[in-house]
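After this come two complexes, each holding chain A, first together with chain B and then together with chain C.
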Partner chain A sequence: MYLPLKLPQNPEQRPGYMPVLLPMKSHAAPVGVGTMVQSFLSTKMGLFVLAAFLISLGAASYAQAASGAQLGTIALLWKWTPLLAKGFGFNVLISILSMAIGTVLGVCLGILQVSPNGIIRRVAWLVTQFFRNSPWLVLLFYCILLIPFEIEVFGTTIPFPGWLKAVIGLSLPVMAYMSEYMRGAIQSLPSGQWESADSLGFSRGQTMRMVILPQTVKRLLPPWMNLYAVLTMATPLVSIVGVDEIMSFARAALASENRVDLLIPMYLYVLCWFFIYCFPISGLTRRLENRFAVKS
Partner chain B sequence: MKKFLAMTTAAIVALSGAASADKLADIKEAGKLVVGVKQDYAPWGYLDSDGNLVGLEIDLAKDAAARLGVEVELVPVVASNRMEFLQQGQIDLIIATMGDNDKRRKVVGMIEPNYYAGGANVIAPAGTLNEWADLDGQKVCAVQGAYYNKPAAQGYNAEIAAFAGVPEATAALQNGACVAFLYDNTWIESQLSSNPQWDGYEMPMETENPSVWAIAVPLEDLDAPFGETMREIVADWHKSGFLIARNMANGIANSPFLVEQHNAQQ
Partner chain C sequence: MSWSEDKPIVSIKDVKKSFGSLEVLKGVSIDIMKGEVICIIGPSGSGKSTLIRCINALNDIQGGSITVEGREVHDEELDKLELRKKVGMVFQQYNLFPHKTALQNVMMAPLKVLKEPKADVEKRARALIKKVRLEGKENSYPGELSGGQQQRVAIARSLAMRPDVMLFDEVTAALDPETVKEVLVTIKDLAAEGMTCILVTHEMGFAREVADHIYFTDKGVIVEHGAPEEFFDKASDPRTKEFLSQVL
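Coming up: the complex of A and B.
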């Protein structure tokens, strides 16, 4: 019989080799992140919120100018902007590092949650549930107070600054959420995927690596990005444990200026920083969700 | 919870063997003195818009390091973590508006003579309040964790609304959410004399619950060379008039305590 297939050179050496038709690659045009950010920043919603912010700021500074000769609110916010920007950079750094650590650990933990070994499965489940159901702030307090500020390894002292402890503290809940997402994504795949891989002679590890995990990626991507946005918005928590980020700088600025009328504009300004950073992410997530949605 | 944390912290400190025989020698060898200071308590310790720590207590920290012949490293602390940082060895010294009391003396080494003193008073719109008894049943804004909140609530039956920080509490006062703001008299005096947003406000009461502030070293260093040296330095700050001069240079209202200490040291 004639097979219309172009086989690789040494097909027999490939594990689980069988002369089957490989699935077609999708050729949808990749979406550039830059263009998506732009398109979402320019959406009506984003513009509306920004406009509302600017109007309230303008009104506040107008009232200021009318009432006295002190420096206007906008001028004061501008004066503190470099410091706030530095603080926000730290928020972003903390969120990226926590997300990276949490994702790696969470994916591993999620795979362990569907392990055929009952003990491993239960332990992974317990770890996941413990960190998923603990308040983030309490986890942060534990990490800050229980981890020593420097660790001695083979005679050299490695400093362990507060922000690094905060990264660890925040990566624990991320790990737990990722673990649950991972388990859900694996279990949501039709069992036919396992069965057909089995019938093709794939071992369990091969099935996981070559069949299951690649298919979970698109299911994981939207909740993963949502989680990142939530994590970023949670980073001001670390100001309570003494890490210098945007909130602690905002508080320091308020204390230094001792201006009662600065309170609301300052917090609004901080909010604005987070909004501009997180809104494109949520927009992108929405678009990915639409793209990956299962048509019924 | 608090007790458990304190115990575990103590255990970790014991394990890591942070306690050294001679802290002073360690500091000189490291070439730096690490001081925990406030960054949200103008004008004692606060940030300028370039992100530098400035204020009276920062001046003190720098002078202490200069007298020891080492560099200064400033670490921002808050009331809830400063003593833990000192116990862990993360900082060598606390100069962070810390009141001196018996409970804290069991945890950290308080240096005498005390370097500053404050007490409780209120800031209120002029003419509305005359004495502490006027607070009976009234809503009073305050800052969480201040030691005089409890006496005001129990002694004068004031209804305390405690906020996270001074900016929030003062905003509440100006919005009319409470009749007065209960806080340190030193802060109120320096605000009334320098900040135009308090025109039409006054400090009507006699200052109550006076409390002295102390610089703190780790408890085990209190009677070691480090504690001795710090005692000499603080005494000289009073004797030489350095504290009075820095107090004035930072725009803080004249402090009777500093004058009294200065005269006593002569």
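Coming up: the complex of A and C.
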């Protein structure tokens, strides 16, 4: 039996697992990283968190440099940065694909949740509730196990690598949340919108497309962006089912350096990547929420 | 059955309507001739809105019949779109589409429902906006207009479908006293042009001025009706008298 599920193995038992990685040439860069990071953040809060991180790193690195010959923590992190960046690129890619699929499915499911047909409505509701109340990790395992590694369509074989299955696994909860947001947004519009469109001769589908959906966009945008940030922060889950991303690369880096003192700075560094990516999104979400709240 | 102008354009016969066990209309009959303006008045909860909504099938009925230009409205076979083209409706809460400008609101139904050419529709829409005295507000969004202005856009939007009958359900009830007048003037213009209008209103002075016929409803039945002068001055039913003494 083909078992696609790869439980995380100890990377030390997998020599040759690491791609060839040349350490960065310049070691003078930490300052550069600092300024680059700063330009991403606009609020005091972000700067405060970042400063705390840099201070703790600096302190660790100073202690190390004082102790002797080994490379300092910052230098080590810098050395692994290209690999971690590549890993984070996978996280971003997985999050964007899952979000796209989940959004499209969720919008459709949400519309079905307000269908005039009672059976369709109930089925859509059940599907939504099922996926909304399932742990994301369990959904991921199910997708990895249940989706075949390749699918035959009209004689051509379409491969289904693990990362694609993971994308589908993560898109399911996104779909469920979107479906609920969509239903809520549709039902929050006054019934007069339906009635006036009806009395002007619009069909139900036309009313949905031209009158209702355009008005839901404004209401959906903040929770949608929030959901994206939550999804991005959940992407490290895919490392548990054997898909490469920043966490699995971080573990690999730690294994190859074999330095206990690097553990905490490394994971802090990984946190930093997520923070820098997600913090501006939540800031923007708050701004949009405030703006819409004032307007309507 | 063919319809001709000597027969009622809207004929309501013994209509019964219930919401669950609550009987809201208990056999209402009204005939309206083409070009007539009728006002329906009565206490809150007497079923005025329900009646007017039954005329364009926003509500279904449990008994009786309603015909518009000879066609039964509550007929399974009815082409809803045919009815929508004949009957326009204006609501108390305007119900404009907030994401569209005034002009787009007026243009939308003729463009998307009747599928008429855009140039024609736009010309007509601009003329209608002028007619409701809102020149210069074509590109304003509903949120940027006053209640009275929004209601006039809503009237223009209904007229853009070229209806034969207009239904108005307490269209001034949500407005400030100062803006009520501008909407009433618009409706008066329409009536003067020969539009068949069915109005639910609490504006007694206006009803007296524009209506050809007044119907007083209470608890789902028509208690009394007549031409404005005899209705307001010679009401005989005690319920009508009591209502009039409260509102006049």
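Operating definition for what follows: the second predicted complex is superposed on the first by the 251 of 296 C-alpha atoms of A that agree within 3 Å, B and C clash if a C-alpha of one lies under 4 Å from a C-alpha of the other, contacts with A are read in each partner's own complex, and residues count from 1 in each chain.
Going forward, contacts are C-beta pairs under 8 Å (C-beta built on N, C-alpha and C of every residue); 3 or more make two chains touch, one makes a residue touch a chain.
The model shown is predicted, which means the values in this text are computed figures rather than measured ones.
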Does the superposition put A:A51 against chain B (first), chain C (second), both, or neither? neither
In the superposed arrangement, does A:L271 touch chain B (first), chain C (second), both or neither? neither
First, second, both or neither for A:A75, with chain B first and chain C second: neither
Report for A:A100: first if it touches chain B alone, second if chain C alone, otherwise both or neither. neither
Per residue count on chain A, the busier partner among chain B and chain C is B
Answer with first, second, both or neither: which of chain B and chain C does A:N258 touch in the superposed model? first
After the superposition on A, what does A:K86 contact: first (chain B), second (chain C), both or neither? first
For A:F149, select first, second, both or neither according to whether it touches chain B, chain C, the two together, or no partner. first
Which of the residues in chain A end up touching chain C in this complex? 190, 192-193, 195-202, 206, 210-211, 214-215, 295
Which chain C residues qualify as touching chain A in the complex? 56, 58, 80-81, 84-85, 87-89, 91, 93, 95-99, 108-109, 112-114, 143, 154, 157-158, 161
The answer for chain A against chain B in the complex is residues 68, 70, 79-80, 82-83, 86, 141, 144-146, 148-149, 152, 241-242, 244, 248-249, 251-256, 258-264
Chain B to chain A touching residues, read off their complex: 5, 8-9, 12, 16, 39-42, 46-51, 76-78, 81, 84, 88-90, 165-168, 170-171, 173-174, 191, 195-197
